[in-house]
Every structure is written in structure tokens, then in C-alpha cells.
Amino acid sequence: MQTSRFAGLVVALAMTAGIAVGQAQAADTIKIGFIDPLSGPFAAVGQSGLKQFTFAADELVNKKGGVLGGTMLEVTGYDNQVSAKEALIQLKKAIGDGVKVIVQGNSSGVANALTDAVEKHNTRNPDQRILYLNYSAVDPALTNEKCNFWHFRFDANADMKMEALTDDIKARADIDKVYVIGQDYSFGKAVAAAAVDMLGKKRPDLEIVGNELHPIGKVKDFTPYVTKIKASGAKAVITGNWGADMVNLAKAANDIGLDVPFYTYYAAGNGITATLGAAGKGRIMLVTEGAANPAHTDAFRAYTTAYEAKYENENITQFRIINTVQMLARAIDKAGNTNVDDIARALEGMEFTTIAGDRVIMRASDHQLAMPIRIFVHTDENVEFDMDNSGFGLVEERAVPVSAVELPTTCKMKRPS
Amino acid sequence: MSVIATTGAATTRRATFRRLAVWLVSAAVLLILPQIFTSGLAVTVMNQMGIAIVFALSYNMMLGQGGMLSFGHAVYFGLGGFFAMHMIDWVDQQLFVFPIYLTPFMGGLFGLFMALVIGSFSTRRAGTVFAMISLGIGELVAALSLILVVFFGGEEGVSGDRTTGPGIFGFNFLQDIEVYYLIAVWVLVAVLFMYLFSRTPAGRMANAVRDNPERAEFVGYSQRTVRLISFCAAGFFAGIAGGLFAINYEILTEQNLNATTSGGVLLMAYIGGIGYFIGPIVGAVIFTLLQTVLSGYTDLWVLYVGLVFLATVLYVPTGLTGIMMMHVPAWRLGRLRSLVVPYLTMVIPVAMLFCGLVGLLEMFHYRNGAPTGEVEMTVFYVTVDFTSPLPWAVFTALTLAGGYLTRRLAPAVAASFQAATSYDAKGSSA
Amino acid sequence: MTEPAIRLRDLRKNFGRTEIIRGVDLEIGKGTRHAIIGPNGAGKSTLFHLISGKYEPSGGQIFLHGEDISGKLPFEINRQGLSRSFQVTNIFPRMSVFENVRCGMLWSAGYRYAFWRLVDQLRDLTEESERILEEIGLADRRDIPAGVLTYAEQRALEIGITIAGGADVIMLDEPTAGMSRSETDQAVELIRRISEGKTLVMVEHDMGVVFDLADKISVLVYGELIATDTPERIRGNKAVQEAYLGTAEEAEEMADA
Amino acid sequence: MFELILFSILNGLVYGLLLFMLSSGLTLIFSMMGVLNFAHASFYMLGAYFAFTMSGYIGFFPALIIAPIIAGLLGALVERYGLRHVHRYGHVAELIFTFGLAFLIEEVVQFFWGKQLQDYRVPEVLDFTFFEMFGNAFPAYKAFMLLVSIAIFVLLFAVLTRSRVGMIIQAAITHPNIVAMLGHNVPFIFMATFGVGSALAAIAGVIAGPVLGTGPAMAFELGTIVFVVVVFGGLGSLSGAFVASIMIGLIQTVAVALDVSVSDFFGLFGMSFSPDDFLVDVWTITLPQIAPIIPYLMLVLMLIFRPQGLMGKRES
């Protein structure tokens, strides 16, 4: 007994002392802090994002000589465990490590916390400012009432995506009944509200036969929901569901035999495509930026091939990460120094041609990247780059141009003098 | 064994002085700490520790002191925090004037109120029934927090600005270091009051009810009321911790009251040792270090925390504090020095075992997610090629040798420990 | 005539269909030492549990100092001045011996659920607890956890907790069970001292103890009282002797005593 | 509406019987050892993961047998080297141990299989529509789940009421001390019970994995619901667990079908609320919206008003 107690003590103490699985620290780099989940239930998405960032920084910037004539970009992961509290701690940690630019994307809740914290930090510590590049959090508020000078969004916000989605529905006269289902939290509600609003304007004839919220992450079997959707006679379903809620919804639809399109935001990659498999074929539509199948440019084709060769089980799931890295590098070069305010000013209004050939603009008024949005379909036919090594992937069905998805903003940007 | 307290006035006064000295020293340490750990991260981590200390101690008012195992203590932490956050917002909107630095008290009152409401039915029974009710309430409140947007702000939560209210001594809490001192004061006050609570009739009877609820009823106490009082006090101090959280982070979200936070506080209290007043303090400090610092080094940190927790439950149910306290008799007897050599002989094998295990785990983990073609990784500042059998062999050998030596040496160390702490050994004194 | 300390009127208790206490009427006068005896399974402990509030009566009434306490909760009954010990040691094992005794007196000393007073500063409590520790002979065990005391010491502590609150009705459930002869003698002396001027009700198997201490004895057989009388008369009571024939040993003991 | 409810009831049964497979094991363990096993659903998860990996090599049906056996053996080891050790520190320590174990198993699963959802699919032989009802397909795999659940239920019932082992177990449930006196090897019985309980959970995992998803969060998601079932049904009561499983299965599915909101309810009494009301969130809550959290509400209410549960005899 005493023995084991003692052994326990030593192990515990040794662990407290800190396990050193250290990373080498290169000198003279510009540090980018990647603050997203690296452990816990959402770690898969975070880990994949970190790889995509590191790869983009290495391939597209560092291998081409870096920025400012030879300074390299260094991406470091900070585990925020998708918690606002941890994100703020990690932000402090990153600042302590000399990070100038933070990137984050998973969860609008965390994004709201971070943008708030960054603004406060920058106001309270003018000599230690940091830049926040949001590559995936889509809450419209971030570039509207909550906008600030140091926040830039490289993903299309939820309203823009809904604009694209409803444009697609507008073009399909066969869809006269739509069912909206989502997770019961801000994003799910925002999707529902935007869908009702925009469909009402674009298709007054169309009937919304169901508008439903379910608790997030608590529903084990979606069969009753799908049964209800089927009974309503809906011709299309709109959902903002992600993760297991998305997969289970699609599986239940397949089981019941609900053969209508599902317009989704997050139904691909990180195991979801593989899990959906045949169950989602032709049924799951994904509204997102980017360009997967077929690749629009050789450059993007080569890039994707190289990435998938390096990481066997990974895919380019977040095209916007490439834009984020490239535009940041260009802004640093344009600013000519690493002053955060200068970089931010350089980013404002920047016009850029993406690796896939799209023209995008970082709007100065609200720091929202104006970009085309595409509707993809989940299928195993004509797939150039599949996902999760499943044979299934996303094939582009339709592209909605920038002009159609540009929305006015309520942002009143306060710029530092 | 004739250590009877000679309750002379002099002894009492000396005891009182000694007790006072503990608090004064603690205050001094809290004052000096930021001079030693000056980095922004250190201050951030210390702020978090302060919040965790109050929260974990409040939890132990139930588990350790009152024998109530709760799986939903975050509810009071979170609700107190949300209320304090709204207070800060109301001050910001100039609905009324209230000093921000006192909002934790309001958070505490709200936590107390909610504890009173929920405790009125949940404390009727202890044991499994209480644990299950706390679990159910925790799930309900967490789920409702996403539905009731007006109060909880949905997924984004509620945020505000702590700097707008009337300041104190010229502090407006613009910088984290100012918040540090605010938290330090609150921690000191809250810990003092939690300690004093344990010394009141209500606090003593909480221990009695924990030990033997039936007997407590036969000396005039309703076990339910005793539990309710502890529960409310725990809710109050959890609410204070929530209020501190609101000031420090300026945001509260659903995560502050969900099962993860509730589970975390149980881990903290238990690893630290629920049988001692200071146990949860130790646990909160260590858990915060693991969560914020270790997580920067390895993705596997949660696995390590799980291993430490399970090892604690299995082998040291008295927690880390219990291990320290085990040595008090040896210290009293002046034999602590006799343990130095045996402990040192253990250091090497245990370190070997530890390095070997961690190395194997880390290599296995890294290999799973490594990019194609990359075969190198860094373990313990050494770069290794995980495709070659050599590092695997080295770490396996370290594990096995360390494990073997630990087992071999353990009885001798245990024997020296026995000798050092046993009263019957030669020169028995006191 | 003054109101008796305890009065039972047609008290009944059944568990399911099994009747354990079948209509007991009893008066226990103020200031008397009253023993309840009877063969195993007669329902003595159940009777204790009924009076002290651990069990709720199925029928009948219990009066403490003339007030109806039937169906009240243990702590309510305790607050009205009745304190009891247990047959199986029932202490606060992780608290110190001193604290065990102090817990016994917190309520009656008027401190109730106070969370604004510090126990260590309550001189009266400390002194009174230490006095009781002296009385039960555990003064030198003051600061060790009660759980590590020897059996006899725990029995003494059990009594200490029971009397700490200064209740005027004290019920002891087999206070000397499992003790050696010398330990029993000490316990008897202790009980005699602490019950001075109080009403004592006890269940006891040791006839020596019973006849030594009791002013009055009630005999309970199969849930019914067959006799209540002074020790001398009980000894000569035919019905009692018959009842005890089944358990010869105790009958002999009774004759010896 | 009628067909919607009927179909929901059928699905509710599938889900309810699955819950029973989990809750029966948990109940057995609780009855014998007095331990509410927090890690029970972790064995459900292990079952799914084992079967997922094995079915790639030996096929689904052999995995259906072997995965639970391995999980059961693991369970027995946990009892032997973990729980038995902690037993001396009391029930609270045991509860905390199983809590820690659940936490650790989740991490270990992520360590070996990663953090992603696993592509654990319905076996091809069962991947077809069994029948159609009012235009809704009922997949063959669900029928298979129903069949396995019922088979397990019947088997369990038969073993408990007809066999010698069952007699001992039943005796142990009601009079744990007496069985020890009869000379049965109680530690072994404990270990075996824990193993069998874990294996039952693993079977549930094997068959539910392809339908409800196989990922690191699956244990936690279902674990609390199973807790609700056993506590609601009455700790230590198999029949209570059965009734509660079916009830919760049905409530969760049927509630979804009924689109009623709080304001609809008050509307019955002629009350209405403005959308600007401070409590607007409360008035607009609908039954489907809260369907999955109804069980927790039921749990809390049951514990308040009848702590021994629906059919339980003892409290803790």
C-alpha cells in the first residue's frame, strides 16, 4: 500500500513539473498563433486546420522566400478546447510568446470572445497590438455590430451563404416547400431566421413547412425528425447542423428514404464525408467558398495534390485558409514592417486573386472578404479530389458570384488614429 | 500519546497568533508573486488559479466537508458569473452606479439564491440520490442556457467591459495585473471566510452529518437543514468565483455551467485532496497548470490528467495534500531527514519509468497523425526517428527497467517511511 | 399527580404484516431509572426507535412530558429534551473525540445552525465538553479521531454524546453490550453518575446491570408488556419467569441477580 | 398525424430497447455491488469501436460476438484491479472512480482511434429497406436491432428466472449478505457481474454504432441518458429499468412529432404573449425543442417526489 502510494506521488509530481515534449523555436520569424481546439471533442477539426495553416505558410510563403525579404511565417498551435475562457488564456499565452497575428475559426462563441478581447487588449496596450484573422467563424455580427479594426474575416458569413443558398433555391421551381431544421443555439437560429427572411423575399410562393430547432449534440436518433420532415411534404431541407448532428440527420434521412436535397453548411471533411458515404449521395448540398472538384487552376490542383501526399488522411477542407495566409503575407510586404496597425491598413480594401482564380476583395468597411460562394453536391461521381479517402467528395454544382452575395453592413469601424 | 491540549491562555494565544501568521504570510505571498512571475502569461495563469481556488474550495464545502458528491456545481459558478456579468453591463449602460470590484459579491448572492431554490429539494437526501439530482439539474441548466438567450446570451454568451465603473485607489482594471490584485484580495477574503465557516456550528455539523447523518439527527440537527446550509454556502462562494471569472475574462458562456466545468472542479478537489481544507487549493493550482501549461506541450494532456486522477482515486484517496500530510508525523518527530536518501534512490527508477511511458505514448500518438515522409519528432528535447526501432526499444527498456526497479526498491522505501513515522520506533517521544 | 416523563398509549408498530409492537401502554416517571428487558426479538430496540423518532408508530401515541411526540422526527424529539444512545456504536468516526462530544451539545447550548459564530471561541462549549470527556474517561483521547478508539472507549463516547446535550430524558440502548466485567462495572458507575436527577430509560441484557441500576423494570415479550414493577417484584413475577423459560440463561441470570 | 405517431412509436421502441440493453447491465451491477457505474456507457463505446475495427477483418457478425466478449473481459479486469481496490473507501469513492474511468476511456479511445467520427457502417446484408409504412422506409438494420434487443431481453429474463446462476444473482440483489454466507464466492460473482454488464453494454454498442454514430463523444452522450433510465426506473429494479427505457425511448421520439409550444399551451387558457416580452425565449419553447432534455426533467422530478424511482425498493 505504502509503495503504491509513494509511486503515485512521484508520478504525479513529475507530471506537474511539466512534460517536456518541446518544440524547437526558430529565431526571427513572424509568429502566427493558431487558437483553436487541439484536444477534446472538436479536436479533429482544429488539428486539421492547424495542418492546413502550417502547410499553406510553408508552401506558399516560406518556400518562396518568406515576407519582408526573408522573414519566415511560423504557425504555432494553441489549444483553446473550444472554450471562451481557454481561448482568452491562450491569447495571453500567445501574446507572451511574441505572437503578432492570431487565427481562429471554430465556434462563433469563441470568435465573439476573442474579437472582444483583442479589441480591449489593443486599446489597453497600444504598444503590443495583435491582429485577429478569423478564417471560419460565420456569425454575421462579427462584421456588423461587433466589428472592429483588428478583426478580419476570410470566410463568407452566414448571411452571405444563405444569400447564395436561396439564390439556388430560387432557380429551382420544383422546390415549393422547404423545411428548416437546426441546432438550438445562435448559429442554428441565425440560419433559420435568414432562411425565412430571404426565401420570403425571393420566393413568395414558396412555403416553409417546418422551422425547427433541436438541442445541440443531444439527439441520438433523428428518425422522428426526418419522419416529420417527410410527412410535411418538404421538397428541400435547410440545415446549419454540424458534427454528429449533421451525420445522424443525413443517416436518418437515408434510412427513411427522404430523397430531397439537404442544403448544409458543414457536411464535409474530417470523417463526415466518409461517414455519410452513400447515404448522402446526391442529397447533401454544401454551401461554401472554395473550389474542390474539379480544380479550377493547375496551381490549386498541384497544391491539393501536394497536401494530400503529405498528409495521407487529410484534405483541403478549408480553402479560405490559403487565402488567409497569402493575403496576410502580401499585407505584411505591403506594410513593409510588422506593425499590426500597418498590416491591418494594408489588408483593408486589398484585392486578390486566389489560388483557384477567383477575384476577392477585403472590404474596408467591415473587414469581410467579398468572395464568390459555391454550391457543392456530395457524390462519388466525377470526383477529382475525394475526402476522407472514401471515394466521395464535393462536386461543384453552381457558383454564385460576389455581386450576388455582397450584403450591406451596419459596421461603424473605429480606426486608431 | 499524551498530547493533551493544555488549554492555558498562553497556548491559546500562541495558536491564535500562529493561525494569524498563516494568513499574513499568504497575503504577503500573494502580494509578491507577480514580482517573481512577471510575464503576462504568468499573471493570466495566476488569475485563473485564483478563480479555480475559490471554486474548488466551494465545491469541497459540499464534498469534503458535507459529504455531498455533486456533478453539477458549475451551475452556481456559472449563474453567479452570468449575474455579475449582467451587473457589469448594467453599470456600463449607466443604469446605476456600482463598483465593479464588488460585483463578485453580487454574483455570490445570486449563486446563494439559486442554491437555496435548488437545494430546497436536492439536499433532502445525500449519497447517490443527491449526486443524480445534481447531474440532472446540471444537464437541464446547461441545456436551458442555450435556449434562454435573454439571460444567457446563447452560444456567444454575455460579455462586457469591466473598466467603466468607479475604480478603487486609481485602479480601473485596465490591465490584468490590476485584476490580479483584485482577485488576490477576493481569494484571501473568500478562503478566510470558507475556513471560518468550517469552524462554525453549522460547519462542524456539516462534518458530523457527513460522518453520520443518523446520529446528527439524534443530537438535535436536521440533516437536511445542515446540508442545505452547506449547499447554500457552497453556492455563494461558487457564485463569487463566477463573479471573479466575469471580471477577469469579461465574458461568460454556456461552458461555464456545463458538465465539463462541473467535472473539472471535482477533479481539482479530488486530486488535491478532499479531506483537507487546503487540498482543493493544491488541486486548483495543479489542475490549472496542467490545463494551461501542459496543454501547450502535448495534445495528450487530457490523457495524462485522466491517468493522474485515476491513480489518485486508486492509490492516494487522500490526494496530494494527503501525501504531504503523511509526512507531518515524521517531521514532528524530527525524522524527515532519514527519508531523504531512500526517496532519492527512488527518483531515478521512477523518472525512468515515467520517461519511458511518456515517450512511448507521445511517439505512438505522433506517428498516428504525422505527415507522410516526416519521420522525426522531438521527445524530451531529443529528436528521434519514430520509424526506426531504436527509440521504441530505448523507451520500452526505460519503462521496463524503471518499473522493475521501482517495484524492487519500493518495499525498502516504504519501510523507511514506516520507521520514520511510527511512534513505537526507538526514541519515541511526544 | 405530575405528568410522567414518557407516556405510551397503545403504541403499535408493524412492518408489513408483521406486528412488532402490539399495543404498549407505559408510564415512566420523572427522575426514575427505568429498564426494559425481554427475550431476544421482543421488540425492545423497536420500542426505543419508536420513542426516539427513528420509526414512525403504526398506531397509538407517545407523550414526552405530556406533549404528543408521536410521528415527530428524531431531531424534533431531541430538541424537546430526549437523547438516546445506540446499540451499535453510532459516532462521528472522522471527527475527534472532543468534537464528537461538542457536536452533542451544540444544539441544546443554543448555537443551532449558527454560521456567524466560531466554535473555538465558545468557551462554555469547550469547558463543558472537556468536563464530559473527564467524566467518561476519555480526556487523554481528546484529539484523536473517534473511529480509532477501542470498542469500550467508543461505547463510553456513545454515552458521552448522548448526555452532552444535557437532555433530561436519556435512553441507553444496551450500554454495556460486549463489555468485559470490569468495563461493565465502570460503565454502570458512569451511568449512575450521569443519570443523577434525570429520567433514564435503558434496554439491557445484563441482568446484573439492570437490577443494580433500575428503579423500575418493564418486561417486553413479543411486542407486549407483561409486567412493569420494581426489581424485587419483577423477580418474583410468575408471568415474567414463564416468559424467560425459553431463554434459560437469562432466567438464571435473573435469579442470580 | 396518426401515421407519424405510429411510426415514431416504432422507432421509439427500437431506441427504448437499445437503452434497456445498456440499463439492464447497469442495473445488474448496481444491484449486486451498490455501484452506480459512470463508465458503463464507456463499454458501450468500446463495443462499437472494437466491432468497427474487427468487422474490417472478420466481418460484422463474428465481431458482434467477439467484441462484447473482449469488452466484458476488460470490464472484469476493471472490477478486479480497480473497483475492488477502491471499494474500501466507500460508495462515493467508487462513484468517483467510475467517473474517472469514463474520462480515461474516452481519452484512450481517442489515443488509439483518433478524434474523428468513425466510418462504421451497417453491414451490407442488412442494408436494405425492410418494409414501407405510409411512405416511410423501415430499414432492415433497425429490425435487426429490434430482434437482437428482444433476444437479449428474453435470454436475460430466462437466465435470471430459470437458472441456478440467476437464482444466486436474484438472491444477491435482495440479500447481498446472505449469499456470502451460503458460501458463494462473492468476489467472483461481483467480477462476473461487472463483466457481463459491460458485455451487455458492448453488444448495444456493436449494434448501435452504425446507426447512432461511432465517435469519442458517444459514451458521454448516451451515458447520462442511461443513468436517467436506471434512476428513473428505480435503482436495482430490472423491470423498472425496462419500463423506463421504453418510456424514455417513446417520449423522446413522440415528443418530436408533437409541435406544441409553451404559448400554445397558455393559449388554451386564452393567454397570449407579446414577442417583445422579456421572457420571449420561454414562451416560444416547443416540445420538440426540449424533447431530448425531458428525461433530465423527469429524473429530477422523480428524485424529488419518489427517490426510490418508479419500481425501486431502496434509495441508494
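Each chain carries a letter (A, B, C and D) given by its place in the written order, and its residues are counted from 1.
One rule holds for everything that comes next: contacts are C-beta pairs under 8 Å (C-beta built on N, C-alpha and C of every residue); 3 or more make two chains touch, one makes a residue touch a chain.
Computed from a prediction, not measured in an experiment: that's the story for all the values here.
Between chain A and chain B, which partner chains are common?
Common contact partners of chain A and chain B, which must touch each of the two, are D.
Looking at C-alpha means, what's the farthest chain from chain D?
If we average the C-alpha coordinates per chain, C ends up farthest from chain D.
Looking only at C-beta pair counts, which chain-chain interface has the most contacts?
A-B
Report the inter-chain centroid distance for chain B and chain C in whole angstrom, where each centroid is the mean of the CA atoms.
Here the centre of chain C sits 44 Å away from the centre of chain B.
Report the inter-chain centroid distance for chain A and chain C in whole angstrom, where each centroid is the mean of the CA atoms.
Inter-chain centre distance comes to 73 Å.
Please report how many Å separate the Cα centroid of chain C from that of chain D, as a whole number.
48
Express in whole angstrom the distance between the two chain centres, defined as the mean CA positions of chain A and chain D.
Each chain's C-alpha centroid was found; their separation is 35 Å.
Listing for chain A: what residues touch at least two other chains?
Residues 43, 47, 184, 215, 218 of chain A each touch two or more of the other chains.
Can you list the chain C residues in contact with two or more other chains?
As it turns out, chain C has no residue touching two or more other chains.
Check each residue of chain D and list the ones that touch at least two other chains.
Touching at least two other chains: 110, 114, 289-290, 292-293.
Among all the chains shown, which pairs meet the touch rule set out at the top?
Chain pairs that touch: A-B, A-D, B-C, B-D.
Touching residues of chain B toward chain D in the complex: what are they?
Touch residues, chain B against chain D: 63, 67, 69, 71, 121-122, 124-125, 127-129, 131-133, 135-137, 139-140, 143-144, 147-150, 259, 263, 266-267, 270, 300, 302-303, 306-307, 309-310, 313-314, 317, 361, 364-365, 368-369.
Residue numbers of chain C touching chain B in their complex, please.
52-54, 73-75, 78-79, 83-84, 86, 90-95, 99, 102-108, 111-120, 126, 130, 139-140, 142-143, 161, 164-165
Which residues of chain B touch chain A in the complex?
39-41, 43-45, 48, 143, 146-147, 149, 154-157, 159, 161, 163, 174-176, 245, 249-251, 253-256, 260, 271, 286, 289-299, 301-302, 304, 308, 311-312, 314-316, 320, 323, 326, 346-347, 350-351, 353-354, 358, 362, 369, 371-374, 378-381, 406-407, 410-411, 413-414, 417-418
Quick check: in the complex, which residue numbers of chain D touch chain A?
1, 3-4, 7-8, 11-12, 14-15, 110, 114-119, 121, 129, 132, 135-137, 139, 141-142, 211-213, 215-217, 221-222, 225, 252-254, 256-257, 259, 286, 288-293
Which residues of chain A touch chain D once you look at their complex with the stated criterion?
Residues 41, 43-44, 47, 184, 212-215, 217-221, 223-225, 227-228, 230-231, 243-244, 247-248, 251, 255-257, 270-272, 274-275, 277, 388, 390.
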